[in-house]
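Chain lettering (A, B, C and D) follows the sequence in which the chains are written, and residue indices restart at 1 in each chain.
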Amino acid sequence: MTDRLRIAVLGASGYTGADLVRLALTHPRMEIVALAANAKAGQTMAQIWPHFAPYPQLPALVKAEAIDFTGLDAVFGCLPHAASAELLSTITGPQSGPRIVDLSADFRLKDADTYAAWYGGAHPAPALLPEAVYGLTEFARDALPAARLVACPGCYPTAVLLALLPLVAAHAVSAGNITVNALSGVSGAGRSLKEANLFGEVAEAVHPYGIGHHRHMPEMEQELGLRAGREVRISFTPHLIPMNRGELVTCIVETAHGTDYLREVLADAYAAEPFVHLLPAGVAPATRMVRGSNHVVINVFADRIPGRAIVIAAIDNLVKGSSGQAIQNFNLMFGLPETLGLEQAPLFP
Amino acid sequence: MTDRLRIAVLGASGYTGADLVRLALTHPRMEIVALAANAKAGQTMAQIWPHFAPYPQLPALVKAEAIDFTGLDAVFGCLPHAASAELLSTITGPQSGPRIVDLSADFRLKDADTYAAWYGGAHPAPALLPEAVYGLTEFARDALPAARLVACPGCYPTAVLLALLPLVAAHAVSAGNITVNALSGVSGAGRSLKEANLFGEVAEAVHPYGIGHHRHMPEMEQELGLRAGREVRISFTPHLIPMNRGELVTCIVETAHGTDYLREVLADAYAAEPFVHLLPAGVAPATRMVRGSNHVVINVFADRIPGRAIVIAAIDNLVKGSSGQAIQNFNLMFGLPETLGLEQAPLFP
Amino acid sequence: MTDRLRIAVLGASGYTGADLVRLALTHPRMEIVALAANAKAGQTMAQIWPHFAPYPQLPALVKAEAIDFTGLDAVFGCLPHAASAELLSTITGPQSGPRIVDLSADFRLKDADTYAAWYGGAHPAPALLPEAVYGLTEFARDALPAARLVACPGCYPTAVLLALLPLVAAHAVSAGNITVNALSGVSGAGRSLKEANLFGEVAEAVHPYGIGHHRHMPEMEQELGLRAGREVRISFTPHLIPMNRGELVTCIVETAHGTDYLREVLADAYAAEPFVHLLPAGVAPATRMVRGSNHVVINVFADRIPGRAIVIAAIDNLVKGSSGQAIQNFNLMFGLPETLGLEQAPLFP
Amino acid sequence: MTDRLRIAVLGASGYTGADLVRLALTHPRMEIVALAANAKAGQTMAQIWPHFAPYPQLPALVKAEAIDFTGLDAVFGCLPHAASAELLSTITGPQSGPRIVDLSADFRLKDADTYAAWYGGAHPAPALLPEAVYGLTEFARDALPAARLVACPGCYPTAVLLALLPLVAAHAVSAGNITVNALSGVSGAGRSLKEANLFGEVAEAVHPYGIGHHRHMPEMEQELGLRAGREVRISFTPHLIPMNRGELVTCIVETAHGTDYLREVLADAYAAEPFVHLLPAGVAPATRMVRGSNHVVINVFADRIPGRAIVIAAIDNLVKGSSGQAIQNFNLMFGLPETLGLEQAPLFP
């Protein structure tokens, strides 16, 4: 395994950590050296995850402090916010230590005050913020090869930004008055023992949550604002629907253009992308088009209200919305082919 | 059974017909005299519906033409559009024949041209349109006692109009720029043999449909326009989610008022309603609050974009959105207590 | 409400307690006087249960000790085993206090040693065991009118015993070598915060549990043994499947008779039963035939191995398997019509 | 692509065909040359399958007769029974033409009369039966390298035989009185437009089917009988449960041995297998351990009835139960590493 890059996953007891391990298992250039999960240290992945039952050979879980980070090439952070920055700030330095791919929210916002306002506490490592690269891969290719700390976008921002950034950048739609309704499978809520995550609550049911105050809002506003060159406010209402994986965002935007033009802008932007697909005119994006894969599907529709358009995107929240994009970033950080280890097609049915 | 009103259900082989029969079975003032379903005539309800296996005593299905409509008190039409108007126009007259509760789309739109434009053909019985009462019960109580033909609203319009009509009528929100994102269980698509309705397509998946051209749009615009005193255009994007029953609408509206005021308007409007419930401040409507019942839950939230609010409502699309509301209308048409036969509480989990 | 019987529900924060309240809400002869749930005392039912959002008028939850049991007609115990017997033994006496309908396992087994062996501790109130009536309603009608303490059967025993008791009693099948494979929705596991109950674990998945040692075994063996007049051992393997409600048991039995004869025995046994239905020959029982109702569907099929037959039954585990049967027992205890408050038809889809 | 083997898939419009294409897409030694589906000829895979939306480059569907089979290395038959044998018999010869991997039932049974009795018609190509290799890979390794026609086992037989064959071969369990209860996701029923496959029928529901006469019975009996050296009859009751993928079989067997010994026999049999995993003692097999992968998990439990044991296995019915095993066979037929293209880990949640 001498040509493999040595990696560790922190937080391997959560869904994003587990999905990263799932993909890393068959990545031809990764060697999983260590898996950490403080509360489950001492157990094997097969003991805490059903789908790793066939993989008893995976490293057992340890406490993060038991890992020797020297000699690692990369560390994937799959920890809750705050905990992530606290730990990662101890293992990385400007030119030393493993390179970091963080899947938490800690390094996504460029402004520590905004972070404090939305995440309920001072940022644990504000000194690292300037060097963090916002890892929406398709828009971060220049920065990734040299990046030492990459902040992977949240799942909702991934879908919304891929749908809207080229349109906003081309001034094809207004950066104001963007209304996003979002639908997510329950894996987005993690594997935590909350009543809201029980099968009995989720199955055969739907409800909105985080109405008007979901933490992915400032992240979307930051990135849209950077493209628009002005402050942006978006309306964002996520809903929990009874499925495991998948996320679909329906964005209503103001535009002076027809859907053909908006589709052209997106077609140009994504013509060479391996994972982002503009669907044929009239075909509605669906999460079953991308389940279990790193793909994204997007399309544009006319709204009944003149001067508006509807842009819709679908992703797998755990793959392109999280662990898959993390590996996509990793590939570019280390000069590997962008699709390496991410080739598998969606699983249907 | 001498004190029972004699009813027939046309289209008892569809979901709305079946749910009507389910409720009629235990309605203390209804006697099910005849059940029609042309393609399944000769079979029993127990043969075509699993949940009627315990009810072999139900009348067998017949062709509609085999029914003697004289002597019936009421006929419930659960047929597809066009077919409904064609058949119903033959059995009702200005002062004779059974009273009609139609669950199809045929008598909802007051304008035959609008009907033709949206439903793809000339209206089969335009002469009946003037006398049809739009049966959104809470707003139709004056007209129902004398009505001979009641058009039950579509499922989406039921939810959207209950959420918005009092606000529009009070000029608390603008009638323009209303954006509705809607989520529906698959029973809204009926029991038809379409690939899109297969378990394999629906489970673990979500997608939008009818984007920009769903047939419930003109109905919502008609009723909102009547209250607003002006023409109204709404943006409406429905999505199919993996559940059987339930519908949730998320309406973004423009308003000069705060959520407290909007909640007050709704609280006043629905204070005495047995089925419409404004939830406590901050509680998100969820379809599991109403599953299998005639209840509606509504709430109002602040939007992140100033000058806007989010009004959300949830119903069971087959009950309040269809068969339950039909019976609620029937009760008022015949001077019965409004809640008769509709008392059952939601089923959870 | 002077003609209503005054009831309390202990354990109203669990699924069985909640389903009892759901049914009691519309029972014409019940008045819900008190609802207890120690850990949630002080909250309303609407706060802890989505489907009671439309019922703010329900009594708020209190601690059980806060209830004045004098003056109550009946108490429904929906507590975990051991806790149930401990509490109920303090509120009932031979001729005084409210009559008890217990839904826990505490009074099902007639032998305290068997209880201790299977439930992991001495029985908290062995003195009450002799007077407890095993409330499988269809086989307990003689004892119920005078009963002061009724032990409602477990959900699996309800389905298995209704399928097999008439056959065993008629010596139509052997009481030995009974093999039961059972399938249950996740509501059977309660609303507890266990990883195994999360949507992510349950959806799109199935697994067996309690293999060879499920606590419903001794209860089935006790009742089958009483009919057979000999000790009985059964093989019982339950599986958790991704649905909320419903239970289906597939029983392989040895028999010297053909399926026609076995069907005759069951037809005779259940000819006058309002809730137990032998399906037409060849029709497979399905949980969707009974969802949300107190109905039971049963049928018999030939096995490919000669000398054996397959008897299959389906119930809603929370209704006939729990709260519905409790109310059915209550009705008979108090001389009411057996079906009172239990008339509602299954909910499909 | 010169080092790639050229393949065609017949029946690419069905679930097994589509899953084969899904896996073939990333198989490093396969080139998909042609895809056939008569009824959908002229359409693209992206048009008929959601998950191929990101793969517009796949060959469009053609009629089978339009394929030039010369020059192909292998043909995968994913057609319905009878149709499969009819077509395949025209394209293969003793020493010429592409090698065939058939996923239909047509070449599984060695006896044409048995085929006729169970499949309702004379075998279309009985002359090919003698050369067909029954492709339960783990037990067919000797025959596969030279095989020109491989019959992949049915999904249920795959799970049942992997659970029982080593035990029967070692005389550790009796070959008689085997009782199998089986649970399958709905993808096993195919993508056909039948009412039974609708979401509304399947979700929140379970029912048995094919009771006493499922077509996978003779196949299991044939293979078990070959190992046992005697005629075998098994009892087999499959149930349809509300999930897409996955199959779990619960086999009750008679044995003179304890579970430890049975586990030893299986541990020895599968010690070197890449896809078959005996779980640690006491761990229940679950379909979520294998979803989307070619893995199999098995375990043995004590039954409460003495002299019996419970052997349980879980597979993904479309992968190891169908397309994955087909590729596993293909790999061995062509001298490739057995796991090539099948490495991906299960998808959870």
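By our rule, a contact is a pair of C-beta atoms (placed from the backbone, for glycine too) under 8 Å apart; a residue touches a chain by one contact, two chains touch by 3 or more.
Bear in mind the structure is a predicted one, so any value in this text is a computation, not a measurement.
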Can you tell me which pair among B-C, A-C or C-D shares over half of its residue-numbered contact pairs with A-B? C-D
The chain pair with the larger count of contacting C-beta pairs, comparing A-D against B-D, is A-D
Which integer distance in Å separates the CA centroid of chain A from that of chain D? 36
Where the centres are mean C-alpha positions, what is the separation of chain B from chain D, in Å? 46
Listing for chain B: what residues touch at least two other chains? 15, 50, 187, 199-201, 203-205, 242-245, 286, 288, 291, 348-349
Residues on chain A engaged by chain D in the complex (per definition of touch): 15, 18, 22, 25-26, 49-55, 187, 203-204, 244-245, 275, 277, 279, 283, 286, 288-293, 295, 297, 343-349
In the complex with chain D, residue positions of chain B that touch it: 15, 50, 186-187, 191, 193-195, 197-205, 242-244
Chain C contact footprint on chain D (complex, rising order): 177, 179, 181, 183, 185, 199-201, 203-209, 211-213, 217, 233-237, 239, 241-246, 248, 250, 252, 284-288, 291, 301-306, 308, 310, 312, 314, 348-349
